[in-house]
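Two complexes are shown next, each including chain A; its partner changes from chain B in the first to chain C in the second.
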Partner chain A sequence: MFPAPIQTRPRPAQITYQSMLPLALILWLLPLLAVAFFSVKPAVDFTAGNYWGLPSTFAGLENYGKVFFESDMPRYLLNSVLITVPTVIGAVALSCMTGFALGVYRFRGNLWIFFMFVAGNFVPFQILMVPVRDLTLDLGLYNTKTGLVLFHIAFQTGFCTLFMRNFIRALPFELIEAARVEGVAEWRIFWFVVLPLMKPAIAALSVLIFTFIWNDYFWAIVLTQGADTQPVTAGITSFNAQYRAAYHLMSAGSIVAALPPVAMFFLMQRHFIAGLTLGAVK
Partner chain B sequence: MTTATLPDTHADRGRGTWIRRNRQMLAPILFLAPGVLFFLLYVIFPIVESFQISFYRWDGLGEPQFIGLENYGELGSDPAFETSLWNNLKWLVLYLLAIPGGLFIALFLNQTVTGIRIYKSLFFFPFVISQVVVGLVFTWFYDPTFGLLNTMLEAIGLGPVNVLGDPRLATYGIILAGLWPQVAYCMILYLTGLNAVDPEQVEAARLDGAKGWRMLWFVIIPQLRPATFIAFGVTIIGALRSFDLISIMTNGGPFGSTRVLSFYMFEKALGEYGFRMGYGAAIAVVLFLIMLVFIAYFLWSMWRDEREARKG
Partner chain C sequence: MLDSVILSGIFTILIGVGGMFAYFWASNWVLDNVVYPPRGENIGRNINRANAIRPWLFLFPAMFALGLYLVVPVFYSAWLSVTSGVAEDGGWYRNYTEIFANETFRVSLLNNMLWVLVVPAASTAFGLLAAQLTDRLSWGNLAKSLVFMPMAISFVGASLIWSFVYHPDIDIGVINALRGLFGAEEGVTLVDGQIIDSFLLMVVLIWIQTGFAMVILSAALRGVPEETIEAAILDGANPFQIFFKIKVPQIMGTIVVVWTTITILVLKVYDIVAAMGNQYRNLEILPTQMMRYFDSGNYGFATAISIVIMVLVLPVMVWNIRQARAELR
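And then the complex of A and B:
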């Protein structure tokens, strides 16, 4: 293990390390803690110039209540869910199939198709902006959640295919061979042999894609406008315009907007990290 | 396909229908079709289309007018484009600091004391929240009247700094905000990598008297190569895609000093000064060509690995 375990060090070093940990963490999260602190202060503190002193009253419930009951925030949150969940299902479903095809079969062009997905996934997506916006307009899907979902599915399929294909490559190929010898149809091999083995990959990808799509801002402002369709990342900017200089509400709003992926991360931590670090270890 | 393969339990190899005989060839095509078609429609064709549009003058509504290389000619004498290009370079170089930064924190946290798992998760936290929120958080952090940064500077007797209002500092301020989640990402890659470091090699090196920096440089870092490769890849991509933070924190200002190519192309194509799709596409093409260098490198390394995997 590197660095050498702290337990092998002298006692003072251990105590220093133990006390540095929380300090370092507070320092690391300082900008975020400041926002959390703002979000429980009452409005009068800001008008009185009491920015960093203790809150004169605890206004957390009031501030978050306003965000949830007196603003468009719940609608934006709902929109985010309605955009994120179908994208996760669509992208994972498509990539299970493409990953299976590229991971199991040997045919000419296999690697080229795989590289097409990988390269497309690395592209700075701004190059897609003008044509994709145009395509969405032509399909009559501009400013609809469907339009946004379709694009997200297509784009995320690149990353998901990379992930799934590499995962399937690592599965024991003998299982598939054995099934073939038995004369099992290819789609049955996919459904009954490979798919059950892919559960960890599916879990990991689902959490990752959920976070990526929930946090998307660029495509939300390119393909949608207004509270009927926009997800919470785009909504937070109009929320802020509505409550300009009401820092306690803006802080509370930001925290609410950030919370779902955070919750997802803490609930599914192992899958999340397994997904992010796939390939970091050979 | 479905109907043809249904009675497979009574499969009689070699005498079935044409579909049955060719299913080894048909299956991958059918499994690939939906994903590939979707990807072609929304990703590959648009890339080609962007190249095409960049040769036209087009407001997004009327008839596009072919103007050849005029858009690219205009880029050459556009000071805003030059600023964006330089800023992209700054992003690329400074964003790479996330790699040593992440390694540093990973080394700091790679211990087994009580509660270390919670610490690791909380250090990773910034990566999970959206860049929009990161942007807001840092905008307030830098705020000249009440921001935490200036409150702290004041406490040690330094004057207020308006980071985002100063054209010389604004880009660096935004990059720093961007580094926050990116360092967290690299950290988690390295923590996973460190977990897999071969303990026997470390012990052997220790017996040989290696420790500290020499151990890190000659024994540990070479073993972290796969993690470094991924960290490098995601950091480059992240740097070239940077848009959200700029849009939230400065909207390109002050005086256009924080624009990068991705932001500038958005501004030109969909911004408030009218729709110049052709010009925006030309900017996007330049950005794509920069990225292409890296894409080629990534694909080349992956191809090399594939070949080795097949040999071994």
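And then the complex of A and C:
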């Protein structure tokens, strides 16, 4: 196999390569490791000046317990779930339909509508801020999760449509033709032929949109306020303001806020990477 | 109380999904059975007409949402930027001339340019490096996952994590603690509002985006035909020549895609500067500046800045659409 695998290279080169790489990786993850380490240290360690030594006692349970039972964190997490899940469902469902329409039917304006979705993908969201907040206020949805969900669905539709349309285009068109020849109704073709074939794309897109929406901060602070509606990205900033000097709690809070998307990523890694690759390179 | 929140959430989802399914089924049914039934004397014409309308049934909900939340707001913002605030009495251009006359605006424009130049370049370069180094490694996939992990963390979360890294206390800040290992006694304040500190904030975004670049580029590297590399080795090329003269030119298209994708993201970034350098004038970028005007109710200036951001995105957007068109031909 070309080029020569690292195992057949000279010994010193091998050793430098194989030891530098893990070192570089540890350096890369050092910020995360440091925060994870702080989050299991008891408060006394910080007052006693034992910052980087081994924790005097393992206080992980206590610190995370505080985050979960003595702060608004669970509320924020729940809000995040209630904002993210409906958005994922809505955006994916809508884009399955638009992707089907743009990928399967040839009609006048098809390309132009497709380009409109592509362009929508690039619009800087700042330009939408004032009108969307006014609109949300007018609809009576300001400071509600529904208002945030509706906007997220609309804004993500551009990217999702692009993604779904390209995926459907790559499917074997003969299947649809065959079904048509058999006299299957169009909505049945969508439901029973195309949709089952789109499962991998649906999985990939769902994971991707989940992290996008979970990690949104900008719209959360524009359209909502307070612990009743705001998601965890906004919650963690107020949490940190509350525990400004309590480093162990701040660290634990940061880990809790980051955990769901990271867990999602590790569980669904294959779909996540498939999604990114499909979305970026057509 | 929590139960009722969850219940109402589930209820909303059910209504949404049910509504969507009902719309989809009912609209198709009406089209096929009421408007253009495929029977009677006009059966052929009716089927054709129904099929010409059907794509619009599928498109309608998304287009309605996109129009309401995207198309109309873009024009409304443009309208506000020439009619509200100082533009009310005076020329339509006054919001623009006044923001350009503002010192802080010029600083944020400059900073934004720096972000756009540095972050995509550095992320792509690091991503390429990581993709190449982990390519033929036995534990390459694990290494890739770890490099990629920051991508799953929110910008705010990452900013908070990096605040620990830059913390001015000699014992708390990771960088200061490392300096302490080498004998430093006093902590240094890393982020204190110098123009140069923008680079420290950029590191956070580079940290997040490198994983994205790596994933895409490593897929592209896998696609480079073996024969071209074999031929280069037979001709006596060294590893650096193989990488820069054989592999990189062949994945140039993907490199450009990654570069532009990150560029667009950088133009929109707000969270990192807001979370880490909000109190410093010198670190402002256009979106943070805009948010400041928005919060104080100065919609004229805020929308004018958003139009400036839009103009900056426009070349990349046009280039991307042309690219998509070229591929369709």
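To be clear about the criterion, the second predicted complex is superposed on the first by the 269 of 282 C-alpha atoms of A that agree within 3 Å, B and C clash if a C-alpha of one lies under 4 Å from a C-alpha of the other, contacts with A are read in each partner's own complex, and residues count from 1 in each chain.
One rule holds for everything that comes next: contacts are C-beta pairs under 8 Å (C-beta built on N, C-alpha and C of every residue); 3 or more make two chains touch, one makes a residue touch a chain.
Since we're looking at a predicted model, the values are computed, not measured.
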Chain B versus chain C as contact partner of A:L82, first or second or both or neither: second
Partner chain(s) touched by A:T157 [first = chain B, second = chain C, both, neither]: both
Chain B versus chain C as contact partner of A:L29, first or second or both or neither: both
First, second, both or neither for A:T146, with chain B first and chain C second: second
Contacts of A:L135 with chain B and chain C, given as first, second, both or neither: both
Which superposed partner A:F266 touches (first chain B, second chain C, both, neither): both
Which of chain B and chain C A:V184 touches, first, second, both or neither: first
Chain B versus chain C as contact partner of A:L197, first or second or both or neither: neither
Doubly contacted chain A residues - partners chain C and chain B: 2-3, 5-6, 21, 25, 28-32, 34-35, 38, 51-52, 94-95, 97-98, 100-102, 105, 107, 110-111, 113, 115-120, 122-132, 135, 150-151, 153-155, 157-158, 161, 185-187, 190, 211, 214-218, 233, 236-237, 240, 247, 250-251, 254, 257-258, 261-262, 264-266, 269, 273, 276-277, 280-282
Interface residues, chain A side, partner chain B - complex: 1-7, 17-18, 21, 24-25, 28-32, 34-35, 38, 51-52, 94-95, 97-98, 100-102, 104-105, 107, 110-111, 113, 115-120, 122-135, 150-151, 153-155, 157-158, 161, 183-188, 190, 211, 214-218, 221-222, 233, 236-237, 240, 247, 250-251, 254, 257-258, 261-262, 264-266, 269, 273, 276-277, 279-282
Chain C residues within the chain A interface of the complex: 2, 5-6, 9, 12-13, 16-17, 20, 24-25, 28-29, 32, 51-52, 54-56, 58-59, 61-63, 65-66, 68-74, 76-77, 80, 133-134, 136-137, 143, 145-157, 160-162, 164-165, 171-172, 174, 177, 207, 212, 215-216, 219-220, 226, 229-230, 233, 239, 242, 254, 257-258, 261, 264, 267-268, 270-271, 275, 286-287, 290, 294, 299, 302-303, 305-307, 309-310, 313, 316-317, 320-321, 324-325, 327-328
Chain C-touching residues of chain A, taken from the complex the two chains share: 2-3, 5-6, 21, 25, 28-32, 34-35, 38, 49, 51-52, 78, 81-82, 85-86, 89-90, 93-95, 97-98, 100-102, 105, 107, 110-111, 113, 115-120, 122-132, 135, 145-146, 150-151, 153-155, 157-158, 161, 185-187, 190, 211, 214-218, 233-234, 236-237, 240, 247, 250-251, 254, 257-258, 261-262, 264-266, 269, 273, 276-277, 280-282
Residue ranges of chain B touching chain A (in the complex, touch as defined): 1-2, 5, 8-9, 11, 13, 23-25, 27-29, 31-32, 34-36, 38-39, 41-47, 49-50, 53, 60, 107-108, 110-113, 116, 119, 121-126, 128-133, 136-138, 140-141, 146, 148, 151, 180, 185, 188-189, 192-197, 199, 202, 211, 215-216, 219-220, 226-227, 230, 233, 237, 240-241, 243-244, 247-248, 261-262, 265-266, 269-270, 277, 280-281, 284-285, 287-288, 291, 294-295, 298-299, 302-303, 306
